[in-house]
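What follows are several structures.
One chain, subunit A, links the two complexes that follow: it is found with subunit B in the first and with subunit C in the second.
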Partner chain A sequence: MHRFKEVLDNRHEYAKNWKARTGGKVLGYFEPYTPEEVIYAASALPVRLLSRHEPDDMTDRNIYASCACARDIVNQVALGRFDYVDGITYAEACQWMRHAFISSQYFQSFSYTCDIFVPDYVDGHRSKDVMYSEMKAFKKSLEEWTSNTITDEALDHAIDVYNTNRRLMRQIYELRRADNPIVSGAEAMEMVLASQVMDKEDHNRMLQEVLKELPRRSHAGYPGPRLMLVGSPTSDANLERLVEELGAVVVIDELCTGSCYFWNEVIPQEDRLLALSLRYLGKPHCALKDNNWRRRPAHILQLYEDFNAQGVIIAKQIYCHPHGTDNPHIWKILRERIYPFHFLERDTTVPEREMKTRLEAFINLVEPVRVKLRG
Partner chain B sequence: MTREYWKWPESRWTLNDIDWRKANIITAGIDIGSVSSQAVVLCDDKLYCYSNNYTSPEIGDNAKNTLDRALETTGLTIDDIQYIVGTGYGRDNIPFANATANEITSHAKGARFIFGPAVMTVVDLGGQTAKAIKLYERDRIRDFTVNDKCAVNMGYGIEVLADLLQVPIEEIGERSLSDSEDPEPVSTTCNTFATTETMGLLREGMPEHEVLASHLFAVAWRLYALIGRISPEKEVAFTGGLAKNMGIVKRLERDMKMETSMSDYDPQLAGAIGAAVVAQEMLASR
Partner chain C sequence: MGIQRWEIRPLEVWAKAKEMRAKWQQSIDDAEKEHVLLAQGNCNWAVGFPALRVIEDNPVGAMMGYRSSQFSRECRAAGEILGWGREICGYQLNCWGAMYLGYQMDGSKFPMRDMVVPFPDPCDQHTKRGQAPMDYSNIPRWQGDSPLYTGPHDPERDATMIENKVGTTLDIIADIERIYGQIFDDEKFIESINLAHRVREYAAEVCLSMQHIPAPLSQKDLYSFYTLGGLTKTDPEETVELWRMLRDEVKWRVDNNIAAVGTERYRWIEAHPPPWYFLRYYRYMEKYGAICIGSQYSHMMGGPFEFKEDGSWGPRVPLNSWGERPIKTREDALRAMFGDDARGHNFKVDEVIRPYAICEFAKAYKADGAIMPLWRGGVGCTVTRKEQGLRLSEIGVRVLHYEGSQPGDRTDQDETRLLDMLDVWMESQGLRKLED
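Our next item is the complex of A and B:
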């Protein structure tokens, strides 16, 4: 299990080793609407550009008052941490990530950049056609960049590898439905984050091994109240770890870097690009894409009930406008059902003491009379 | 010597009507806040003694000194106290505490002790944080909200204002209420911007009481936005050091359209009293 965290912590080394081993190109992406299967079929490695949450004195000059994730990605680029990344792509999402996509190019020259338009109304009448045409353009530009022809066989293989990964991650998440989950929230988040910076075939092998080992894991005692995590993307499992150290357990998340990343599969059909278009348009709506045809509230409530959660932590990155806009509606639907929730804002650095006090109080709210004995 | 307008008086008090030797249960609560620290001792269900001091950087010594000061002249020692609970941001650094309770729980229990069981909403106005807490019966927390990283011009910000305007901190609230109508508030988004704007108003020649009114109106405005998140219900009680600032309390009452509960107790003691109540509950559950 610890190997996922190792890969996540040493993700740059992993990608560099992958390049040395395969001679392939690394394509960094900012948003989960990037059709990774097409990149994979072009024999390149898609790597999600994740932040590190380090204090910095550089990005405010270029990307003032953006969310901590966007600012820190630019900071990591400026520091040369992504020097192995050959190209970057941005699949239309929030403006902060677009800002990061553009600003990153001031600090590092990339041999390939691609801006994929993803309709904000993902369920709109013309969305499928738009996404399909973007997918074709993306495939063509990748073929030119990598000098590899993306064949139907390569796409089939990529879809198979990615769908296998999604199924395996769902199996891991299913284990968290148990009364005493054998996988903690922090471990599960590290697994899914690691999958976004690794070759999926490597990740699948690691998942298969872990799924064999997990039944032998002994159940700990009562894990504490069961909480759900909702909100902006993250790049680590620090919040889950803090919650679990305080005597609760995170049983499910609704983050675009968490469950939403792998929740739905590609349904194969003759036209592979159409199948991929439908998969990405049909993924659990992120706050930005949940417009006229709202599916996000129902998805959150479904997860809450399926995983028998007892409370929700809504963690928004400061200045995250999609979640800032969507949160009042999420608060409303949770209040209507009397589901307890607490709202937190995260920044590049967050005072742990202050956050701990609030999380402790929220856990007390969900399960009263908890006093920490000393010694 | 330059006068320190920001300083509020430290205090201690003992209820001489009580003989602690006859008490069945003696518990203590210690609240180490960012600006001030309080220690209280409960003998059975009565507040027996307390002290209220500035927080010093060395939290362990600070907690000991605060409790020692509360126990001065009583003949009571730490060894006579059956259970001690720490709370506040320095709660984990009180070496002699038997347990810790987070400050949201402590303020909820402390407010019910001070203002009575009818309290449904507690607003703690502390040195750096404001907390709004909504309660069910039996002190159970129904909802709460806390300001994030920004201090929203809480107690520490008012200390800065006192020095800036050279008005004793205890008089700021009353002086701001001289006029029946408030002027436009200064910046309602940021403490630092608000302080800069306040300096600007002074330079423009605005009378002192109007500058104070403008500043405290902005503080109350921000606090009202925070409190509004939990939809406050009657009875409402204010705790913490800023609950003694009538300029903030009266404006919040006006904005919430609710009068707040009153008590003879010092509202700054609520956290420590709540911790001592938690200590009683811990003893009872043994």
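Our next item is the complex of A and C:
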């Protein structure tokens, strides 16, 4: 299990080794709307540019405001941490990430940059045509960049590898529905984060091994109140760890770096790019793209019930406008059902003492006297 | 050496703009009484429906910020306690806060929207902005998209993206007809498209005239007309007439060297909307003989511009790419409205995707400096602002950044400090106040 965290912590080395091993190119991406299968089929490694949430004295000249998730990517680019990344692509989602995509190019020169339009109206019956056309343009430009032809066979293989990964991650998440889950929230988050910076075939192998070992794991006993994590994405498991150290357990998340990343599969069809278009448009709605047909609230409630949660932590990054705009409705639906929730705003780093105090109070509210409040 | 002094005169057509704006406000306030539906959005086609009026929270929220900081603060508080982030666009918070409170600034009932058709994409906040009234009162919402791309011309991408816009709009119109039983008047819509092209042509001429020294208008003047015919939907013919009058008056001012600021000796540009509650800073800069000749944002009314091969500055896409072909159907009208090039129709391209494009803008308008607010609220207002500042500095345009909450939100604006900063900045460029 610790191997996922190791890869995550050493993701730059992982990617460099992958390059040395395969001679392939690494394509960094910013948003989960990037059709990774197409990249994979071009024999390049798609790597999500994850932030590290370190104090930053590099990006102030270039960026004002911006959530720490987007800003910190630029910080890392500026520090040269992504020097192995050959190209970057931005599939239209949040504007702060677009900013990161643009600013990154002032700090590092990439041999390939690509901008993919992804409709905000993901459910529009005409949206798939735009997504499909963007997918074709993306495929063509990747072929030119990598000098590899993306064949149907390569796409089939990529879809199969990615769908397998999604199924395996779902199996891990399913284990968390148990009364005494044998996988903690922090572990699960590290697994899914690692999947975004690894070759999925490697990740699949690791998942298969872990799934074999897990039944032998002993239950730690009653894990404490079951919490759900909702909100802006994050790229570490610090919050989950903090919650779990306080005697509660995060049983499910609705983050775009977490469950939303792998929740739905590609449903194969003759036209591979169309199948991929539908998969990416059909992802659980992110806060920005949850508009006409509101699906996010229902999805959150469904997860809450399926995973038998007892409370919700809504963690928002400061300057995260998609969530800042979507939250009122999420608060409302939780209040209507009397589901306890706590709203946390996160900044670049996690102020541990302060968060601990607040989380202790919340956990006590969900299950009185679970945490002995410090005087 | 004495200071050059140009003749100044008030802009005559301004009174007409004010009157039209007031008429529009009245039409919104009377909508319920007159049994007219109110759509939240942009809906350039709304004129085809006999009983539909359009309102955007953009001008509404800005106007609230301008008129009463206290009321807009109350509105934002009403939103914040429901979960809205402080960093959300102040326009939205002003507007929807008033909806939560149930009343407007003058105490009258808040005009509830009957439907939402958000104007998508230029800023993420536009995409999400219609969410609040829909979530609050369970009204229908139609989302469109504004697909665009950058890079080399790609006919396939163009065709698909334009098709998406045309098709989605046709669907929305058909839905509204079906749901509300209103028959869409194609002829009226077609006529309005023909007129809209003329508005755009006049607006482009007005923008181009700002290259002249002395500038015939100031940014404040431009903003008096900015929304008319765009976000503020007024009678199409009256709107064209207004813009024609403005174009003529501006042309006359250029021909006769009539200035907006008689002592013009320093030209500056800005970015995105100004602090509506503190427009006094424009006047303050005039003490230095400094004039704001606009921003990419305010010049958006004339469309995106670029340097042509002969060195002239002109519209990037043909103002009427539909050309002389007759517009016969609703679909034709929509195609004429959207044009046939999905690149660069949207100011997002210049403001966000090409932060260096501001250098062309600065050169075209002979700018000496740029004042670039850094707004904490919203995203479109601030995204890439510092990159733009860096790019401008590289070409020798002096840049001043200052911080605040958002153009419609006075909360974090330190006005005294801003004036001090302006003094230091101007003096650092060797300029002193001409009068006090």
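One rule holds in what follows: the second predicted complex is superposed on the first by the 370 of 375 C-alpha atoms of A that agree within 3 Å, B and C clash if a C-alpha of one lies under 4 Å from a C-alpha of the other, contacts with A are read in each partner's own complex, and residues count from 1 in each chain.
To be clear about the criterion, a residue touches a chain if its C-beta (ideal position, glycine included) is under 8 Å from a C-beta of that chain, and two chains touch if they have at least 3 such contacts.
It should be emphasised that the depicted structure is a prediction, and the values quoted were computed from it without experimental measurement.
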item	value
Partner chain in contact with A:137 - subunit B first, subunit C second, else both or neither	second
First, second, both or neither for A:109, with subunit B first and subunit C second	neither
Subunit B versus subunit C as contact partner of A:321, first or second or both or neither	second
Between subunit B and subunit C, more extensive residue contact with subunit A	C
Contacts of A:147 with subunit B and subunit C, given as first, second, both or neither	neither
First, second, both or neither for A:120, with subunit B first and subunit C second	second
Partner chain(s) touched by A:364 [first = subunit B, second = subunit C, both, neither]	first
Which of subunit B and subunit C A:347 touches, first, second, both or neither	first
Common interface residues of subunit A - those touching subunit B in one complex and subunit C in the other	318, 343
Residue ranges of subunit C touching subunit A (in the complex, touch as defined)	79, 82-89, 92, 118, 120-121, 123-125, 127-132, 135, 141-145, 147-151, 154, 156-157, 160-161, 163-164, 167-168, 171, 352-353, 355, 374-376, 378-380, 382-387, 390, 401, 403
Interfacial residue positions of subunit A with respect to subunit C in the complex	61-66, 94-96, 98-99, 102-103, 106, 115, 117, 119-121, 124, 126-127, 129-130, 132-134, 136-137, 287-288, 291-292, 294, 316, 318-332, 343
Residue numbers on subunit B that touch subunit A, as the complex places them	85, 89, 97-105, 129, 140-146, 148-149, 278, 281-282
Interfacial residue positions of subunit A with respect to subunit B in the complex	318, 340, 342-343, 345, 347, 350-351, 353-354, 357-358, 360-362, 364-365, 368-369, 371-374
